[in-house]
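As written, the chains take the letters A, B, C, D, E and F, and residue 1 is the first residue of each chain.
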Amino acid sequence: MSYRTTAFVAAFCMLASAASLCAETTEERLRRGDEVVRSLNAGSSQPTLEGLRAEFPFLADAITGYALGDVWARPVLDARTRQLAAVAAFAALGHRPFMKIHAGYALNAGVKEEELKEIVYLTTVHAGFPRAIEAAQTLSELFKERAQKPGAAK
Amino acid sequence: MSYRTTAFVAAFCMLASAASLCAETTEERLRRGDEVVRSLNAGSSQPTLEGLRAEFPFLADAITGYALGDVWARPVLDARTRQLAAVAAFAALGHRPFMKIHAGYALNAGVKEEELKEIVYLTTVHAGFPRAIEAAQTLSELFKERAQKPGAAK
Amino acid sequence: MSYRTTAFVAAFCMLASAASLCAETTEERLRRGDEVVRSLNAGSSQPTLEGLRAEFPFLADAITGYALGDVWARPVLDARTRQLAAVAAFAALGHRPFMKIHAGYALNAGVKEEELKEIVYLTTVHAGFPRAIEAAQTLSELFKERAQKPGAAK
Amino acid sequence: MSYRTTAFVAAFCMLASAASLCAETTEERLRRGDEVVRSLNAGSSQPTLEGLRAEFPFLADAITGYALGDVWARPVLDARTRQLAAVAAFAALGHRPFMKIHAGYALNAGVKEEELKEIVYLTTVHAGFPRAIEAAQTLSELFKERAQKPGAAK
Amino acid sequence: MSYRTTAFVAAFCMLASAASLCAETTEERLRRGDEVVRSLNAGSSQPTLEGLRAEFPFLADAITGYALGDVWARPVLDARTRQLAAVAAFAALGHRPFMKIHAGYALNAGVKEEELKEIVYLTTVHAGFPRAIEAAQTLSELFKERAQKPGAAK
Amino acid sequence: MSYRTTAFVAAFCMLASAASLCAETTEERLRRGDEVVRSLNAGSSQPTLEGLRAEFPFLADAITGYALGDVWARPVLDARTRQLAAVAAFAALGHRPFMKIHAGYALNAGVKEEELKEIVYLTTVHAGFPRAIEAAQTLSELFKERAQKPGAAK
């Protein structure tokens, strides 16, 4: 495939509003994603993500560059709302390890345990009682783990 | 089955904190649920719900009494956050008609169109691009329908 | 929100057929749910449910009052049919811990092991071979656990 | 691949209990499947199935030979219970056209409309309110269609 | 049910093209399925499948006769493509143990580890990042297990 | 958030192997994605994608830049295998409109109709008969639409 300039993208990138997006390098996107994960995770990198980097480098770069650097870095929603929405989606889908990670980020961003419990209660309506019960058990594990780590946000 | 008083519930309902919950009648729960749906839906009842009442009375009562009267009436989360979380869950699950109804309630509660679009963008991460694209198409339909109804919140 | 009497619910609760439903208190619903779980679980409470009560009181009440007290206590279907339907749904959805609990209740209600195996075979059609194989493994665990507990229904 | 006799299957097919299974031809399985679909569908073939036969012959044969001839023809569960279990699974999975077909078969087998409605109510617990509402809407369509066809079981 | 010859199947089985299909016995289908699993699994039977045989004989026969003997034995797709398609489907559905088994079969059939990683990357688009991350973790476990077994294809 | 250079990304981007990735601009990624979609879609842009651009610009850019420009442009898998894997995943998940689009791309890349039908047959094993039947109906619609458009690959 010859990556010739296509007319569509050339026109788009000449728009003043698109200029800074189009000029951004992947290094800048990766840096921003790395910043985002540290801001969510109390200054540390994310162990699940780092565990993937050696063997699945493209996936690690996609998480850092796209999921964190492009999506999670967007403005409009504040961090609390974004995290509660993510927890609601992961609870409904039954993605327990991801619900746990993002519920921890929510607590770091100032969400209260009581607010996370409300997402569990909503899940009975969205997706039924088994999904809600598993979400409750997931939060319960998280709350215990954080109670044992002094210094973690609560 | 003889519905004799079981020791567990009797003890629970003697707690001062549980007294008002235990004494509440189903009529009160249904009234509260009816209030909730009207507060979400700009003063009107919900057509999908009313369409079920004659043929599926238990389901209609469960929606009004449990889903709306018990869950949606809870305190802790404000209406905006609850609606954004519900939209995120319905988008991730691919429940398009329910995403549309609750995105409309979100707009009624003061959520901006731009905020709903952010939920779509998060959905690419939670559940992949097909679910996000369908969520975008669902919002697009909703925005068009509301643009054609003068007086609807925007 | 002022929980004023809405016209709709007031009219509904004046119907002779709705009177006993509307007058019921949540204490009565919780008692009935507690009765239901004990009738399903050979006289005992349910450990998963009780594990949730302290930390997620609303969820525990929703399970006891709504899922068990309202839905599972309904007439029309006998206990065997209701349990086989629940097992079929949980098998198809891949909700293994809930399939196991409800398959145990089915055995308590007189369902034969052979009948539960048929639900596994149907699952190959409903949801594919992986879901069916996991359902078979779940039943296998259950059968072994009950074989080791003298006195359990078989 | 040379389809040589493998030791395992040869030994299995020498068991007295496996002899009739092993000797059965695919023609016999297809005939049995065709019988099953006609017994479920008031004597007629199934239009969705027949629509697939010309373009997807293997799929049509797999439905007739395996899903109907092997699985649905099994003993142990009576037709009413099998159909209610299938309806519960399809409702929970959101497979509306298949829920509709099998709910129709259930009515043909003597299941009452009231019993099918109970499956909808259970679905609120298994899979949440959106799935249950869609299942209710699906039954509602089915009941209307059958009410308009004189002679259909009700 | 009297399994009388139905006109439809009788006519079908008189077609020259259907004759060999119709005449095949279940023993032949089981033999072919057993051949298929051994060709996929480096000459051995499949432990998960054999674990089911005593307690769930119909399921084991359905896997051997239908899933392996009928579906997996089909011509048209080569083994590499069939296995990559199966891995993509299992990754998207979150069926980790089955993804692992079939990724192992893929390696046995000559698929490269790098090609399996590409399926993980596609999964971010099909089904979101949590499913892709779990698929990566599943492959990682598989690669480690095979690295420790001398003689396994890599 | 101040997007300061983080040590991790800075070190990564100094690796010779990462240099060209890190230096790439988003304009280059968008151009490549636009090339990819045209190569898949017989030289045209994709109507579903273009329909999103005005109202959901971030989503359109994520599809073009990430899904197409990063993921679909990757080497290792040839276009035929990638499209068959995508069709298998979309069929298993029940994403009919996306299965249709990607099955069309598969035909454009030289995949035969017979090969796509095999994916449907595999879907009975991966995800059950309802998903396979819907996948068959989706292919059937696609084949008809292409048969009516002279010049389309078949």
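Here is the rule we go by: a contact is a pair of C-beta atoms (placed from the backbone, for glycine too) under 8 Å apart; a residue touches a chain by one contact, two chains touch by 3 or more.
Quick caveat, the model's predicted, so the values are computed rather than measured.
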Touching subunit A and also subunit E, the following chains: B, C, D, F
Centroid comparison with subunit B (C-alpha atoms), farthest chain: E
Same vs different contact residues, subunit C with subunit F, by half of numbers used: same
Centre-to-centre distance between subunit F and subunit A (centres being mean Cα positions), rounded to whole Å: 23
Approximate Å spacing (C-alpha centroids) for the pair subunit C, subunit E: 34
Touching two or more other chains - residues of subunit D: 58, 62, 67, 71, 74, 90, 93, 95, 117, 121, 124-127, 129-131
Topology of the chain contact graph, where touching chains are joined (line, ring, star, complete, other): complete
Touch list for subunit E against partner subunit D, complex: 1-6, 8-10, 12-13, 21-32, 34-36, 38-39, 45, 58, 61-62, 64, 66, 70-71, 73-74
Complex contacts: residues of subunit E adjacent to subunit B: 124-131
Touch list for subunit D against partner subunit F, complex: 48, 51-52, 55-56, 58-59, 62-63, 67, 90, 93, 95, 97-98
For the subunit F and subunit E complex, residues of the former touching the latter: 67, 71-72, 74, 76-77, 80-82, 84-93, 95, 114-115, 117-119, 121-127
Residues of subunit F that touch subunit D when the two form their complex: 117, 120-121, 124, 129-134, 136-137, 140, 143
